[in-house]
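Across the two complexes that follow, chain A remains constant while its partner is chain B and subsequently chain C.
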Partner chain A sequence: MLQKIYDWVDERLDITPMWRDIADHEVPEHVNPAHHFSAFVYCFGGLTFFVTVIQILSGMFLAMYYVPDIVNAYESVYYLQNEVTFGVIVRGMHHWGASLVIVMMFLHTLRVFFTGSYKKPRELNWVVGVLIFFVMLGLGFTGYLLPWDMKAYFATVVGLEIAEAVPVVGTFAKTLLAGGEIIGAQTLTRFYAIHVFFLPGALLGLLGAHFYMIRKQGISGPL
Partner chain B sequence: MSEKEHKVSRRQFLTYTLTGVGGFMAAGMLMPMARFALDPALQAGGDTDFIRVTSVDDLTEEPQRFNFTIEQEDAWYTSDVDRVAWVYREGDEIVALSPVCTHLGCTVNWEGNEDYPEQFYCPCHFGRFEKDGTNVPNTPPTRPLDVYEMEIRDGDLYLGRTVQR
Partner chain C sequence: MHRGKGMKFVGDSRVPATRMPNIPKDYSEYPHKTEAFWPNFLLREWMVGAVFLIGYLCLTIAHPSPLERVADPNDSGYIPLPDWYFLFLYQLLKYEFAAGAYTVIGAVVMPGIAFGALLLAPWLDNGVERRPLRRPIASALMMLGIVSIIFLTWESVDQHDWEAAARQGAIVEDVEIDESSEGYEIYMSQQACIGCHGDQGEGGAAGPNIFENDYDAEDYAEIIRNGQGEMPGDQFDGSDEELEILAEWIANDGQDAE
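What follows is the complex of A and B.
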């Protein structure tokens, strides 16, 4: 049945070459843990992406219940975690996954660094990777405020104080990020918009570039 | 059993096991999210309190409009919501009708149109109901007005939730 549907589409759109291009390529021996167990270090990039997919999915579902408003934010988080079936699991996935992304990304960065994979001709991909790193930190920072509890609020207060400490543009940057002088209603809506629209959009673009360059340049050679 | 009688090739076996295990893991990941999203549709409707609306002595043969307030719990938001009932008595029997038109949910009024005395009238699509709530044939509504569940305690009328007839 599935094969028939696939054949029907393939006959009309010739999708097999596209599929080959994306997924059907050999894994070199030196990055295959089946050959050398130590090659598991090459899995961290893929694991980062896997956790990112979980973050996007669980985040989409959390947005069904969450309200980015200072009156209702905490109550809606409390409700979705304690009243909705499996809410504690879905929120838990997003909460722990956020930390796991950073861990996996850090390990991936270490692997790239110690295998020297960032060297010519892959410098650009390192640069894109660093941009992804900053976007991920931004996602972590903006997401941390959303539950609107004491920890969230004061973490953001401290974070914005740090932004304010930047010479010359500091005060401007803080006011822009907080959406005014007060860390309150406008800060929360702003952080929500950045967390669910702006940064994920940037992230998808950067990930696309990251993966395109890997396919174009291939995995770096063995040590 | 000889080698040749194997019906499943090594490649097929690997495909089956890997998609099986992968599918199991994906399901373990997606199932909580799906159940999470389905929750409102699977939640049992809560009980409604009966609210005092009026004294039975105030009821007449003519349907009268009574406003009352219920406490509505909407997920994390609790609020007082106004409700309306059209109540009349016919001998010993008391009838409390919901004002929600059974066509598309607008609000009906008793004698809301001068051309149709002794009827409930809905201004949205000209739906009409008889005094007992029966929908007038050849107007948009397809079933009678809902009625409130009621209780009478110490000569007072208490209304609960509405039920379809």
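What follows is the complex of A and C.
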């Protein structure tokens, strides 16, 4: 039955090459922990992606309850944390995932660095990877404000003060992020929009480029 | 790709009528023990992912994510702290050579050089040698970066007053005080009390919320008489009986004793 449905769709849309392109590639011996246990260092990139997927899914569920305004933001997070069934788990996964993604990405960066995998012809993929790193830090910074509790607010105040200290563009950057002179209602909606739309959009584009390049070039050979 | 005569299509579409066989590629002629990603390797990777997910969920259940009290922009005494992965940048700004007049060095120049070098690593370290020991400068600089990050994070965690921060951020339950009670009347008649603790006992910059502790009436009477910490004693201006009623009222979360 399933085979017939597949064949029916495949006859009309020729889907086999599409997913075969994604599914079929070789895993060389030197990156396979089944053959050399030390090859587990090659897992960090995949785990970063795994946590990123969890972040996107848990974030989608958090957005069902979260209200990005200064009157209700805290109340909605408090309600989610204390009243909603499994709300504490979903918020917990998003909270800890934010840290795990940084840890995994850091380890992945070190693996790529110390195996010299960024060398020709993979320079561009390294640059895209570092940009992903910056986007992730941006997601961490903007997401930290959203619960609108004491540590969220004052961490943002300090962060924006540091941004303001940058010569020439500092004041402009601070005003752009804070949405005005004071850190308040405008800042919260801006950080929400950046956290939920701008940076995830950039992240998905960069991840697409990252994965396309690794598939095109293949993984770097053994040392 | 098939070109020219003899091409067949599905209906009037551009989809070719000849099917690609749905079988995995053959890697048996690849070097060493190369295997197929799909499905062989993915199944094993799936298991690693499952183990990782279990650890992740255990962490989530064992340590619920923290939530402090609602943001109060006027509370300027709060000790700010960014999330842990920004601590090394934050700590850098506390050193003399990177703070005050030199903030630009700590906020822009040093992180800019470090992250700029990271971004441009393929061009800064452009030899063909890949082994870390064969390119000692690149490896040494990266080790220096790692050690600096760990050291700065450690220093920052060490210098932060975690207990004070936890106290400042703790969620304080709202107390519904009875404004028609005798205790409230006495409280409002004492300028020394409301001066620091506010007219709802809510506290402020100079004094804490009077309802946040779980002492009993005698303890409160004692504190009012003798003071505690920065709070001076002998400020109460009334009879001993009134002081007793006031202490009862505080112990009773803003209600008169029955």
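The rule is short, and it goes like this: the second predicted complex is superposed on the first by the 222 of 223 C-alpha atoms of A that agree within 3 Å, B and C clash if a C-alpha of one lies under 4 Å from a C-alpha of the other, contacts with A are read in each partner's own complex, and residues count from 1 in each chain.
Everything below uses one rule, namely that a contact is a pair of C-beta atoms (placed from the backbone, for glycine too) under 8 Å apart; a residue touches a chain by one contact, two chains touch by 3 or more.
Computed from a predicted structure; not experimentally measured.
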Put the two structures on top of each other at chain A: do chain B and chain C fit, or clash? fit
First (chain B), second (chain C), both or neither touched by A:Y78: both
After superposing on chain A, what angle in degrees do the C-alpha centres of chain B and chain C form at the C-alpha centre of chain A, to the nearest 10? 80
Return the chain, chain B or chain C, that is in touch with more residues of chain A. C
For A:A63, select first, second, both or neither according to whether it touches chain B, chain C, the two together, or no partner. neither
Which holds for A:V158: it touches chain B only (first), chain C only (second), both, or neither? second
Between chain B and chain C, whom does A:L204 touch in the aligned arrangement: first, second, both, or neither? neither
Check whether A:F86 is in contact with chain B, with chain C, with both or with neither, and answer first, second, both or neither. first
Touch check for A:P28: first (chain B), second (chain C), both, or neither? second
Name the contact category of A:R20: first (chain B only), second (chain C only), both, or neither. second
Regarding the shared-chain residue A:L176, is it in contact with chain B (first), chain C (second), both, or neither? neither
Distance in angstrom between the closest Cα atoms of chain C and chain B, superposition on A: 5
Which parts of chain A are in contact with chain B and also with chain C? 54, 75, 78, 89, 93
Listed in rising order, the residues of chain C that touch chain A in the complex are 10, 13, 15-16, 19-20, 22, 24-25, 27, 30-38, 40-41, 44-45, 48-49, 52-53, 56-57, 59-61, 63-73, 75, 78-86, 89-90, 93, 103-104, 107-108, 115, 118-119, 121-123, 125-132, 135, 138-139, 142, 146, 165, 168-169
Chain C touches which residues of chain A in the complex? 10-14, 16-17, 20, 23-30, 32-35, 43, 46-47, 50-51, 54, 70, 74-75, 77-78, 81, 88-89, 91-100, 102, 110, 113-120, 122-123, 126-127, 130-131, 133-134, 137, 140-141, 144, 147-155, 157-159, 162, 165-167, 182-184, 220, 223
What residues on chain A touch chain B, complex-wise? 54, 57-58, 61, 64-65, 67, 72, 75-76, 78-80, 83-87, 89-90, 93
Mind listing the chain B positions that touch chain A in their complex? 29-30, 32-33, 35-37, 39, 42, 75-77
